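Labels run A, B, C and D following the written order; every chain starts at residue 1.
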Amino acid sequence: MSNTIRKRWQEKLHDTIYESNTLAGKVFDIALLILILGSITVVMLDSIESYHRRYGTFFYTLEWGFTILFTIEYILRLVSIRRPLRYVFSSLGIIDLLAIIPSYLSFVFAGAQSLLVLRALRLLRIFRIFKLTHFLTELAFLKASLASSLKKISIFMLVVLTLVIILGSIMYLVENGENGFSNIPESIYWAIVTITTVGYGDISPVTPLGKFIASIMMFIGYGIIAVPTGIITTEIALAVRSRKPGHEVCKGCGAEGHDGDASFCKFCGTAL
Amino acid sequence: MSNTIRKRWQEKLHDTIYESNTLAGKVFDIALLILILGSITVVMLDSIESYHRRYGTFFYTLEWGFTILFTIEYILRLVSIRRPLRYVFSSLGIIDLLAIIPSYLSFVFAGAQSLLVLRALRLLRIFRIFKLTHFLTELAFLKASLASSLKKISIFMLVVLTLVIILGSIMYLVENGENGFSNIPESIYWAIVTITTVGYGDISPVTPLGKFIASIMMFIGYGIIAVPTGIITTEIALAVRSRKPGHEVCKGCGAEGHDGDASFCKFCGTAL
Amino acid sequence: MSNTIRKRWQEKLHDTIYESNTLAGKVFDIALLILILGSITVVMLDSIESYHRRYGTFFYTLEWGFTILFTIEYILRLVSIRRPLRYVFSSLGIIDLLAIIPSYLSFVFAGAQSLLVLRALRLLRIFRIFKLTHFLTELAFLKASLASSLKKISIFMLVVLTLVIILGSIMYLVENGENGFSNIPESIYWAIVTITTVGYGDISPVTPLGKFIASIMMFIGYGIIAVPTGIITTEIALAVRSRKPGHEVCKGCGAEGHDGDASFCKFCGTAL
Amino acid sequence: MSNTIRKRWQEKLHDTIYESNTLAGKVFDIALLILILGSITVVMLDSIESYHRRYGTFFYTLEWGFTILFTIEYILRLVSIRRPLRYVFSSLGIIDLLAIIPSYLSFVFAGAQSLLVLRALRLLRIFRIFKLTHFLTELAFLKASLASSLKKISIFMLVVLTLVIILGSIMYLVENGENGFSNIPESIYWAIVTITTVGYGDISPVTPLGKFIASIMMFIGYGIIAVPTGIITTEIALAVRSRKPGHEVCKGCGAEGHDGDASFCKFCGTAL
């Protein structure tokens, strides 16, 4: 067939698979969404012993069905995109591959089947599919807030990490390697469980001094859990405020992001 | 009796049962409130084995008493309202029905009695009854704040849900179906228990790698618990601010943002 | 002695015990603070079995010493105040009495001694004693923020309470009175433990449906824990802002509480 | 050698060890960072029984290697600084000493080796080393926010402490010294575990009354966890706001509050 026709056909396919402004695109996205949720449900149910015993073979067939469909999808994605390699090595491309490989691997290595749980990663596609929903703005909004506070949060996490390492090591000394504090990594694990107020109770101090130190740690955790909250709350508050009306573009310099109460462009001074 | 009289009588009844601006209405509401609390208390006490053995029959009689009273109330609600069907299929109508049906069902199916716990749902009426208290504004206020942040919260919850499914599946692989991570749903349940910092400890990682991943999850949970807080805090702050009346512009200097109690512009001193 | 002298002497005593602007008053407060902390420490140590066996009699003597000193203090408070009865029935008066009664009761009822732990209540005096420290403003500040948000918080707590009663009752049905959900109050206790993210793990769901509902509850708890935070944060933010400079009194109308940026009284319009 | 040369050499050394504006300084800092992390990793691994049995001697040699390197570093710090004693008694100086002493002590007392975990304290040096990264501003920012809210937080913690002592003592009475509430300190420990929502579950109430009081405590903890968050959030919000530069007044209209990137007044358009 002539190259131009081929191009058109390829383009059409591309719009269907990657975009969602066409009807075909929307249908494809929703179908994919259902397929992903279905495949994950099957993997989940199959992981339940009793169900596996009863419906094992049925689940097996289904999983192969999903594998084949996902394989076809993967191939279509490859042929319909201009730079296939770039897709293959993109995070989404790798995830798509991880979703189909295990089944094929299971021919070579028994038990590779169990890697099918990695299909759960495909759930991340949902947010890409959601580009067709009004949720995306909210998601972008949350992302922005988190991104802008990431630096503060990470330095805070570094402080907490140092804290738990030090306190964990001290607890290892205090509890003298007993009562579950059998080594420093364990003690650090316990310190994290405690300072994040998760508190499983699989490890908990027994010596009075240990309990005393633990109490102090809990108070610390109680106090500093406020810090990330404070950081993110501030960021969100700023984001919300800056989001308020009056975002028209300046005719003078084309700058955006003017405050709601601005009547002149703050960059070039032309009236808005 | 003449239709008009019937109407009047019906109207009076309606005001008593559904409204609370009349004295009769207030009395009815309070009586109902006491009845609901009483019935729930009885169900609770009856659920305690030792009490049931001793006072079982007494509780049984009481429950029947409440059932009859609630049945009468239900009938009165039906006859006194213009569109009975609309009430029957309203959420409150269904709840009211759920509160009386079990007792009658217990003739047919033994043990239906136990469904009496559904009476707890009637507690929701309290907020309707509270319309006569000054609390309602606060309740409406909270509702508004939550409603306006619902979209952000729900998308956030979707992110968290994806996260727990993925992390749960990975933990299932890591802990290799042991130590309580016997299947993926269980592992996801554990992931939720962990990321929400509830941490029962009925399931907890045993392998070093599992503990490492769990630690990371706790830090994630520790960090992202801030997000809903940030969202709601911002909403409440906005609500509180927008709640303050008196945001008119000053004729003198055009300044905005005067307090509600201001009668003069605080910038130029002209009367508002 | 003449009545006037008696008055003077009584006044002096009153200033020493109740006020702290005199040196004697300060000394008295600090001495009392030490006594309270000492008495509580003794009660604590005495509650530890091994210490009790060894130093029991010594602790016993100490406790009697504190009792006598507190009794003297109590009597002095009575004689030095104008309206003794009002003090006796004031919350602080009752606490002071509770701190000394148990020892005397122990003559009549054995074991009344154990009520000595009520001395811990005297710790509340610390905040009264702190009136001499700069902490009081901060305390008052916190109090104010909490008070102004109390109404919102309490209505919120009522919503949560209704929620836990309903969810607890449902869990009782779902777990079918087993796995620790042996009766509705227990189930409600579990629901509170879960929704507040405490998560002891002494009771935890076993049935899949139970775990599913529990997961939903955790998400709810995760989401709504943000509400009180949001309320209080807003209140504190408002309090802090209103605390900012520019609180001078208006010469025109004597009104206070002008914003920092106000250059005219917002009530009468006179220049500040 | 001549004194001046000696001075120069000493100065150069000082810059290398204490400063990081020179290349040598940067290299030294990074090398030190790696050494610290390495030494801590070794101590951690060595604390794991199985590894200790296998690689014990190897770890032992490594630890001595680190000890010697840290000793050299310590000596260099002493000789290169003007006031050695001031460094010795500075918190960092003490930590540096604590990192090397245990190894030497192990000659005198067996088991002193275990004190090597104190090397974890050296992690605190990381933040000093980070002075060469852009993170420092963020760290300083967090410090400032925490410092300015420290007073409020500490008074709040005092309130909580009083609360847990009182509630702990009461629980000791209620649970009657059983079910893990074997003495008041234990009960207070439990109260802290509960009110901070950690909830290990190693101790949990058994009597109905105990569970009731615990439920109330959880609600209290649920409500007041908001307070430190509120305080810190407010502080951070203020810090962020005050951090924005460009708050100059417009010459044209006297309006304030322009953004940092604004070069024209957004109200009247005059150049700032």
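Here, contacts are C-beta pairs under 8 Å (C-beta built on N, C-alpha and C of every residue); 3 or more make two chains touch, one makes a residue touch a chain.
A quick map from chain label to UniProt name: A, B, C, D = Putative VIC family ion channel.
The shown structure was predicted, so the numbers you read here are calculated from the model rather than taken from an experiment.
Of all residue numbers that take part in the contact between chain B and chain C, under half occur on both sides, making this a different-residue interface. Taking the CA centroid of chain D as reference, the farthest chain centroid is that of B. Each chain gets a centre from the mean of its Cα atoms; for chain B and chain D, those two points are 41 Å apart. Chain B and chain C have centres, each the mean of its CA atoms, that are 29 Å apart.
In whole angstrom, the spacing between the mean C-alpha positions of chain A and chain B is 30. For chain B, residues touching at least two other chains, in rising order: 185, 188, 197-201, 225, 229, 231, 233-234, 237. Residues 197-201, 229, 233 of chain A are the ones touching chain C in the complex. Contact residues on chain C toward chain B in their complex (touch as defined above): 151-152, 155-156, 158-159, 162, 165-166, 168-170, 172-173, 177, 182-185, 188, 194, 197-201, 204, 208, 211-212, 214-215, 218-219, 221-223, 225-227, 229-231, 233-234, 237-238, 258-259, 261-271.
Put simply, chain B touches chain C in their complex at residues 40, 43-44, 47-49, 114-115, 117-118, 120-121, 123-124, 126-127, 135, 138-139, 141-142, 145-146, 153, 157, 160, 185-186, 188-189, 192-193, 196-202, 225, 228-229, 231-237, 240, 258-259, 261-271.
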